[in-house]
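Below are structures written as structure tokens.
Look at the two complexes coming up: chain A is in both, with chain B in one and chain C in the other.
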Partner chain A sequence: MIDIEKEAARIAEQGECAPRLARDPVNLPMINNWLEAIGDEHPGYTEVAPPAMVQVWTMGGLRGQRSADDPLGAMMAVLDEAGYTSVVATNSDQTYHRYLEVGEHLSVTTSLEDVTGPKRTGLGEGWFVTTRSTWWVGDEAVAEMRFRVLKYKPAQKPEPKREAPRAQAIRPSVNRDTEYFWEGTRRGELRIQRCGGCGLLRHPPGPMCPECGATKPKYLVSEGYGVVYSYVVHHHPQVPGKQTPFVVALVELDEGVRMLGELDGEPSVGLPVEVVFTKVDDELTMPSWRPRADR
Partner chain B sequence: MNAAIAGIGATDFSKDSGRSELQLAAEAVRAALDDAGLEPSDVDGLVSFTMDTNAEIAVARELGVPELTFFSRVHYGGGAACATVQQAAMAVETGAAEVVVCYRAFNERSGHRFGQVQTAAAANIDNSWSYPMGLGTPAAMVAMFARRYMHEYGATSEDFGRIAVIDRKHAATNPHAWFHGRPITLEDHQSSRWIAEPLRLLDCCQESDGGVALVVTSAERARDLPNRPAHVRAAAQGSGADQFTMTSYYRDDLTGLPEMGVVARGLWERSGIGPSDVDVAVLYDHFTPFVLVQLEELGFCGRGEARDLVASGALELDGTLPLNPHGGQLGEAYLHGMNGIAEAVRQVRGTAVNQVAGVEHVLVTAGTGVPTSGLVLGRG
Partner chain C sequence: MRIGDSLPEWHVEATPTFVISTALATRDFQDVHHDRDLAVQRGSKDIFINILTTTGLVQRYVTDWAGPQALVRQVNIKLGAPCFAYDTLKFFGQVVGREQQDLTIEVVGRTAHGDHVTGTVKIEVPA
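What follows is the complex of A and B.
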């Protein structure tokens, strides 16, 4: 086992690495290339360099090697060995003390500031490594940067995208009066309560028919077609198990009752829709709507 | 009815009260008793409504109310605001109690926010036809009605926005209002973000911390107390056919609020007045579209015509039907309608900051989209 925190303390203890001299002095051709690549059309950079370019001057080049005392390189090696093999830059803050003039020759020093972890991230478990670099012209500090990377173990399998929200989706409560409906969706049937006495169709269902008083409800299986009677496009706040914005439509089924469901498509009042079933787990299958394929 | 509101009290309205809901309730009740010139020992009845965490007995303990002979709690959240006064008035009329205090207090912004998705509410079997489908906030539930109303009557988002503009205009000159000094324009409304299309942010009322209390007693006793009584000319509750809480989507028609129609019939029959006799309307405004529908259900205009009534300027302070002179819940505070009843009392007394001249009758309504209630308060 590698003691990452101990190794980090050892590297941090070494302080700043020896100054590394830039390959070239600050020069106009490189400034012009950089401005063009970034899309900066400011005409003022003829004798001074854009401050945000500071890191460019001391980049290692295509076949550059880190110096032996480079603390970021040393820390990366420690984490690689511990199994944190992937890296992603997360953020950097730069401070510029003055403009750099054409002809000035920079050097850079770097120290390890902080290593924190292990943290669970969306990418996998990892350590945040923060370094601090200073650019010099002679013995004058002209710019500084705090730079943070995440060095992580890639998660074994990427999380299935839809699974996480579904796990927290709001579930219906089910009782004796409503069980037939959810049993239906599990079988791919959209069931509408039908009174065993007078035949009244009713949704949402209930135990006693308001027309005839019978308490023997049955059901019919809907054809699953209807039109949008009204709808909502939900933006705020977040809803468990949903990704905003999403549409909820009140659909008038061809059989005559109305029913709510999420609508996957561009909504409008009167839009012909058909039912879709989405299995959440063995217990729950949700009905929702999509525009009718045959229209 | 032989009952009157003799005292009103409130805490400050804020976004973070910094104290418990029970303390807010106790402070509001004490303020209302002070206003009525009564002591906790005079109180023998307490009424609140659901979605309030303060038990009647807890409030009685804090105030040192020795005995209660009447206590009640009305269902359906904001729809119960005016029904608390009805309960109190009936208790006073029947002799069940002499002095009944109605109260509402919550940390609805800093604590439990009704506007968020209440996952636990899905345990209710009725909600199993809406919440799991993604329809889980009051704004979204109202938006479903609003979309159909627009479709049938050609109303627009701007028609809804005019209600917000009026409320915020009135709140702007009310120092107790959260949005004091902050009026909005119709352009502000139109550029506010979508919450649940067709509702924008500025169609939705704010969330507030605070408490309000009202002291109800008999008309005779109220006459001897310091403030001019606001007589309960009529009180009514209403629930319609095939009623659900916020999701009555299965009726033939989705453009009305039949439960408010029931309340309207009750109020006009019992008070003996009609829409043209109303001097000030304090209409429940948690979401703007339902203010339009209420104007229609209450008989101030025909179906689908509310947008024309609003655009005519009738709801301005100098119009024929001044709306929410305190700024409503969109402008003053969201106290589940109880602050609107307090404003109605001030309008009857003649002590409101945005006082309407010559007020004889004030109409107050409670929460919409749910079983609801209403009041007509009047002088003498």
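What follows is the complex of A and C.
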């Protein structure tokens, strides 16, 4: 069993690795390649480099290998051996003491600052490894970076997502106030609550009329036509039984009340729609909207 | 440029060409930034933008807004969801601190999968 904290302390104690020299001095062709790729049209980078390029100068390159005394490499090897085989960068904090001039030749040193773990993360159990790098021109420190990676054991892959069958869709909670509505959809009726006292139509259903206070609601059956009053396109998060994106439309019915439902079609405000009933099972039939066929 | 000022929203289309050309321009030759087959084998859905590019984009977002006279002193970023090829990366920013000529700007870069990057940039602007 590897004592990760002990190994970390040993590596941290070694302090900074020997300076590693950049392949090239700060130079215009590499600056221009960078500006072109990033799309940065900043006019000021003709004699100095963009600060955010600092790490570029000392990258290892296509066939780069870490030096033997590189603390990040050493710590990665320890964690690899302990079974934490995957890595992802989580933080990069760069401080630029001054702009770097074309012709200056950088070197970099790195030390291990901190190793924390094991932590449970979304990716799996892992250790956060923080290093500190300093870039030098001669013996002048010109920039610094604190860099943190998560070295982790990949969590067991979840079963590939299957589209939940419709029966697994989220079900409405049916209660005494709403039972009439779902009974209606089962029969292919879109029912609107109607006050037994004053006749006011209302939706969503409730126990008491907001107008006259009566508590004896009845209903009428809507023609099932209306126009889109507003809508949202739902992308995230995933919803059981649904494939994203889907549209939820607030439809103003010809009878005057507004009602929510999924819209199957390209949404737009004012779109004339009609109701569709989809039987989920014997208990549940869902109403939804589709653009009106006769328009 | 006062505390509370918002930066204009900026969208970056992370085409495969963009992901690859920025990875190479930052001398990052990790296969997950240019080889989709290997990226998929390693569990990613596609190639994705490398960190040095994210840092560069955050810097560009701020200097595009602040102007070429602004000096960049610090870029601190925290990485979240990867920015894959074909994602649109949307940047938002706001000035959250100012002491004389030193400004602190909070930046978020977001894709449809969530926050790709959150961070702060410190710049010095001319008097």
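Following the convention adopted for this analysis, the second predicted complex is superposed on the first by the 157 of 295 C-alpha atoms of A that agree within 3 Å, B and C clash if a C-alpha of one lies under 4 Å from a C-alpha of the other, contacts with A are read in each partner's own complex, and residues count from 1 in each chain.
The rule is short, and it goes like this: a contact is a pair of C-beta atoms (placed from the backbone, for glycine too) under 8 Å apart; a residue touches a chain by one contact, two chains touch by 3 or more.
In this text the structure is predicted, and so the values were computed from the model without any measurement.
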{"item": "Chain B versus chain C as contact partner of A:Q94, first or second or both or neither", "value": "second"}
{"item": "Which superposed partner A:A68 touches (first chain B, second chain C, both, neither)", "value": "neither"}
{"item": "First, second, both or neither for A:I38, with chain B first and chain C second", "value": "second"}
{"item": "Contacts of A:R171 with chain B and chain C, given as first, second, both or neither", "value": "first"}
{"item": "First (chain B), second (chain C), both or neither touched by A:H235", "value": "both"}
{"item": "First (chain B), second (chain C), both or neither touched by A:M59", "value": "second"}
{"item": "Touched partner set for A:A293, first chain B, second chain C, both or neither", "value": "neither"}
{"item": "First (chain B), second (chain C), both or neither touched by A:E262", "value": "first"}
{"item": "Chain B/chain C common contact set on chain A", "value": "235-236"}
{"item": "Sites on chain A touched by chain C in the complex", "value": "30, 33-34, 36-40, 42-44, 50-53, 55-56, 59, 61-62, 64, 88-96, 99, 154, 157, 235-236"}
{"item": "Parts of chain B lying in touch with chain A, wherever the complex brings them together", "value": "115-117, 119, 122-126, 128-137, 140, 143-145, 147-148, 151, 193-197, 247, 249-250, 254"}
{"item": "Contacting residues of chain A [partner chain B, same complex]", "value": "169-175, 177-178, 203-204, 229-242, 245-246, 248, 250, 257-262, 269, 286, 288"}
{"item": "Touching residues (chain side chain C, partner chain A) in the complex", "value": "12, 18, 21-22, 24-29, 43, 51-53, 55-60, 63-64, 68, 71-79, 112"}
